[in-house]
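Next come two complexes built around subunit A: one with subunit B, the other with subunit C.
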Partner chain A sequence: MANVVQAKNAGSEDPILQYVTFRLADETYGINVMQVQEVLRYTEIAPVPGAPSYVLGIINLRGNVVTVIDTRQRFGLSYAETTDSTRIVIIEVEKQVVGILVDSVSEVVYLRQSEIETTPNVGNEESAKFIQGVCNKNDQLLILVELNKLMSDEEWAEVAAL
Partner chain B sequence: MASHNSNDFSSPQEAIEGYLEALLQDVADYEEPEDALQEELSPVRAKEIEPETATETVFGSETVEEIVNKPVVEDQGTRVFTPSGEEQAFTTPVAKTQIDTGFGPSTEVAYQEAPTVVMPELQIAEPVVETIVAEPVVETVVAEPESVIDTPEPVAFEEIDDPIVETTVAEPEVVTEEALFEQVILDEPVSDTLIDENIETEVEEEVKLQPQENEGWTDGRPNWAQGRFECLLFVVKGLKLAVPLAELGGIHKQEKEPTPLFGQPSWFLGILRNNRMNIGLVDTAQWVMPEYINGDHSTDYRFAIHIHNSEWGLACDEVAEAISLDPNEVKWRTKLGRRPWLAGTVVDHMCALIDVAAFARLLDSDKVPVDLQALNAGGDEE
Partner chain C sequence: MSFDVDQDILQDFLIEAGEILELLSEQLVDLEQVPDDPDLLNAIFRGFHTVKGGAGFLQLTPLVDCCHVAENVFDTLRKHQRTVTPELMDAVLSALDTVNEMFDEVRAGQMPDSADPELIKQLEFFAEPESENETPPGAEAASEADVTPAPVEEAVSDVALEPPAAAVQDSEGDITDAEFESLLDALQDEGSTASSAPAAAVDSPAADQGSDDITEEEFEALLDQLHGSGKPPSVSSIKEEPAQPKEAEPSSSGGDDLITDDEFEALLDELHGKGGSPVQSKAEAAPAASQPVAPASAPAPQVTPAPKAAPAAPAPAKPAAEKKVVNKKEAAAPAAETTVRVDTSRLDDIMNMVGELVLVRNRLVRLGGQSSDSEIAKAVSNLDVVTADLQTSVMKTRMQPIKKVFGRFPRVVRDLSRKLKKEINLRLIGEETDLDKNLVEALADPLIHLVRNAVDHGVEMPEIREQKGKPRVGEVVLSAEQEGDHILLTISDDGAGMNPDILRRKAVEKNLLDQDAADRLTDQEAFNLIFAAGLSTKEQISDVSGRGVGMDVVKTKISQLNGTINVWSEEGKGSKIIIKVPLTLAIMPTLMIMLGDQTFALPLVNVNEIFQLDISRANIVDGQEVLVIREKTLPLFYLKEWLVPGSDVGRDLKNAHVVVVSVGTQKVGFVVDQLIGQEEVVIKPLGDMLHGTPGMAGATITGDGRIALILDIPGMLKHYASTAR
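Moving on, here comes the complex of A and B:
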């Protein structure tokens, strides 16, 4: 996998992986650190007329336009007001740079591949496919999110066209 | 089934009776007329109101706090069940002054001879499960006409012609085509001469499509219930349920809220981390009585009943006592229907017996329903 920490665990069959963790609706989620470019404080997001419902709008990131995804809506969670802890995590997925809005960003954790456990998949909602697995870290269950499946190919194309 | 307001458990006895009646009606459809069932139920209910006569044996001094979080599988010796942390003693089922007339006096004698409920070592349960897996279901079904029950498809029924029609005329009590089909097959196993090659091929294909039905059952009852067996009673929203100890993986106390996963059905409460393992916690109430439950009912369950050899757990409010049952005390289900998780009902204890293995298989399958209330409503309309 792309986020194997070679220096720490060269040649091992149980590679160590790094995940950036963030909070959303009182739960902790993890995303592949290799897909994270940077973490921004909340800044005003300019809505885009006619954009899909999962797009909050766009921000200006050092002269580049970055689309911000409504993560709560994508995960089927209820709306929440922004706070001082709210962050925009800039990620690169499917050769696109987008931002995801989260309640807060916590830390970078190291996980062994063997620590990742599968989850029961009984939902037929699209969002259920985002879950890569779970991992128990510091007596807390970390839900690992597969960013590549955050949107379908059509939706990624739609975002790229904004 | 009459609809009730959700969470209306002010009179739990009424709720339980109503629920069990519905379950029994399903189970008894193919066994006896409903009137006969009502007659049978009446004295039992009367008995339920009477205080139980005595407690024979108190199990051990170990508390539930101690056995909670300890997988039952690990128990090697005689298993001891003790009450919840509220100083209830786990007891054997109270000795009955009168056993249900249908079971005869011999049952009572046998019961008294074994006053102490010795919990089975779960290692014993392992071979049972392995036997189930090892059993070539498809081959058995094709070879034995009894297994045609597993595929109660109207098409197959129509294509099995003359001899069955004759039997239909001889059986006026049959009310539905499906019931007729099953009863005919049960009473008169279809011999090879009755099935032409086309039908045989069709049955084989259907069996391949539905290999899971009645898996792990022999002679109309689960493999673990071929002889006397032990069950653990637990309570969900005032309803008493039972699980066989042979298929019980453990009892876990919910120290903290389960971790919810987005995109999952409402009956999936989340992941419960316990004893270094993850358990998918199921809102049992939504499964067993969806008609009484709405979306905002409380899910602050205290315990999780872990199903043996699975990653699923059934949430419950209270863990009660362990009881020993004779297979004849259970009114076994005759078909999977809309409640494949139901093994049968125990009238003496006014509780439903859960077929936890079938439940786990259903949860693991692709066919697991998402909206149980819609499923239930759809089933009622049928």
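Moving on, here comes the complex of A and C:
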């Protein structure tokens, strides 16, 4: 907590950003807290025949139908069984509410803009394009995800055109 | 050119004036039937006036000009200086059309173009009394006053002292049109520049003297316009407020029963507070607050120049107020709105939440049934009843009378029959039948098409009708009634009717059917041919109808609404088209089925029958499995193969469930794993990302909180059946 207060005093030129961290395979990822609506326990996802491959299916979010994206498939990771800690993070991107399936959700961290480094050339090209940057915090590498790029521009355009 | 006004005010204006315009179009058509009805004339006059006032407030000059001339026409009419002629009606109706067009432009955020000068000229001609060649003073003076208000700084202080003078001038209780105009201007200007208001106020008494009485209607219209929603309580409460001694002087000059300046000011302030610019109302609020008696009443003229505008403006209008306050209170009372405008999306949210509540209730009912506690059972059954009531009430809030659509028809029929030189009487029945808002909107186009058809194709020319021994004036009846959970809409005419043989012949000519098939059709089926694309019996194509496209579209539209459409006709007697649509679009009866462990819903409109069959007996024709049922072959598809990827489907089931669905005229059998039963479901749209997924119409949530996909059978067949081969 002290860390946080210190960070807040750092001045306006170096804004403090809050990130929700989640784990996927063995890595920790962060998404901007402003884009996160809520975090749900795993509920049954109804597959939609004929849907694009990155769509896992739909869930019932208090009476609204929300599409869940297969984050592992998007990040080029292999399939994993769901566990007790599997979560669905409901995010709002470009005015659309979607869910992303993650292995677990850890915490909210405060980062200073200056702490964020641009992406080293890691991973394959497929996953690299929605990485916003990385941050080394407490000896742990945090990968910051640019949600708007979770789908390609064409895919968003496709979605928007529908 | 765009313009810069407060969006809230603009939106309010658009909604309210939009309603008035709709009403006007009805009233104008009514007027042709009863050209001398003074109430109607006054109502129309008031309608135009109110729109004009609102437009003036927003400084939509072209709109103001157009309404103004139209208003003048009706002013002349109601003074019996001219009678209603068809030509006059044409001019007025086209004025209304122009106003509507401008309206659309305003809605699109553009400053409307000026009205066609020809039209204005025509209207101005009609605004003159029939016999004399004199322009009514009201019009002239008003336009003068429109131009004159120039901001004169000193006027502010002058006028502040002058109200008594103005009151004296008007002591007969008359107010001129010009004054009225300037009052409007003044009020409107008050929002922007306080100083120009008094200038207008000063000008107007000089401009014209008592030539034209302000009428109750005008004043009401002004009030309505300012008021927006009409709040009689505020008016009466202000009346009761004690007059400020400072302002007693002007009021005393008018007599005992005068409304005092303060009161009127307070009234104006009150009105203004709703519509005026925030800056202005703040300025007024400040001095007002310093007067303990009545916060709404009287910013003293001495305080600051800004509030002075208010006292100045009301002065000329005061005499009108004097006379009318009593009447106004009476008149305004019944008009008081008891309704609230609610965004439909908010209603949808409520609807959604109620749906959720119903699901929770269902779960509770299930749990309650298991427990032995009678208290819980009681509570649960209570909840059951309350939720059901809640659901119905929320549904009702979305309902709108079909009048919304029907209201346009008198005009449509009138214009069309004039153009075609036919004489037609339109009768509307069951206008107050309620149905879902979305449905009301979706039905408008198909209905207009059908009514146009009835007028164009159905009803004959008057001479022909007389020859046939029918009354000269044809009748088109449009009726709506509720029948269970459906709405029946009937469009009938007493015209020529249809000849099934001609339809058969046409269908063959246009290669829609072969001769044999056409001959086998029953008359009823032959009538339904009119819905086939590309079929028109009309030899001549007019701009009204005859291209044979419309009915096809009508049919598609109605089926999109889960409705059906049927034709009945008798040659020489007339035709009748019956449309049946569900009460609401939100709820759809479905057949729930299981494939593997997933639930799917088939729209019940498509489902024909259900069989238990030994499908190992299925034959294969041209690579397609088919079943023979009652000597008819139908293609057989395994839904699971399509919808549950990676599942293996047994082809040798002795006792398989086959659902026969119909798509258009074609029938298809679907093999499913399990049948659950019929269920009414609330359709939830798939998110944007999945919208348009082939074969999926939406999703719904089942009683146990799980998701079931609603299948779009035609779409699914198109997508899967073609790729499967």
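FYI, the second predicted complex is superposed on the first by the 137 of 162 C-alpha atoms of A that agree within 3 Å, B and C clash if a C-alpha of one lies under 4 Å from a C-alpha of the other, contacts with A are read in each partner's own complex, and residues count from 1 in each chain.
Just so it is clear, a residue touches a chain if its C-beta (ideal position, glycine included) is under 8 Å from a C-beta of that chain, and two chains touch if they have at least 3 such contacts.
Not measured: the values here are computed from a predicted model.
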Clash or fit (per the criteria above) of subunit B with subunit C on subunit A: fit
Superposition-derived angle with apex at the Cα centre of subunit A and sides reaching subunit B and subunit C, degrees in steps of 10: 140
First (subunit B), second (subunit C), both or neither touched by A:117: first
Contacts of A:134 with subunit B and subunit C, given as first, second, both or neither: first
Which of subunit B and subunit C A:77 touches, first, second, both or neither: first
Least C-alpha distance (whole Å) that remains between subunit C and subunit B when both complexes are overlaid: 23
Footprint overlap on subunit A, comparing subunit B with subunit C: none
Residue ranges of subunit A touching subunit B (in the complex, touch as defined): 27, 75-77, 117, 119-120, 122-131, 134, 136, 139, 141, 143
In the complex with subunit A, residue positions of subunit C that touch it: 352-353, 355-356, 359, 598, 642-645, 684-696, 698-699, 701, 705-709, 719
Complex interface listing, subunit A residues touching subunit C: 44, 46-52, 55, 58-60, 62-67, 69, 96-98, 159-160, 162
Contact set on subunit B toward subunit A in their complex: 259-265, 268, 271, 273, 276, 278, 280, 311-312, 363-364, 368, 370
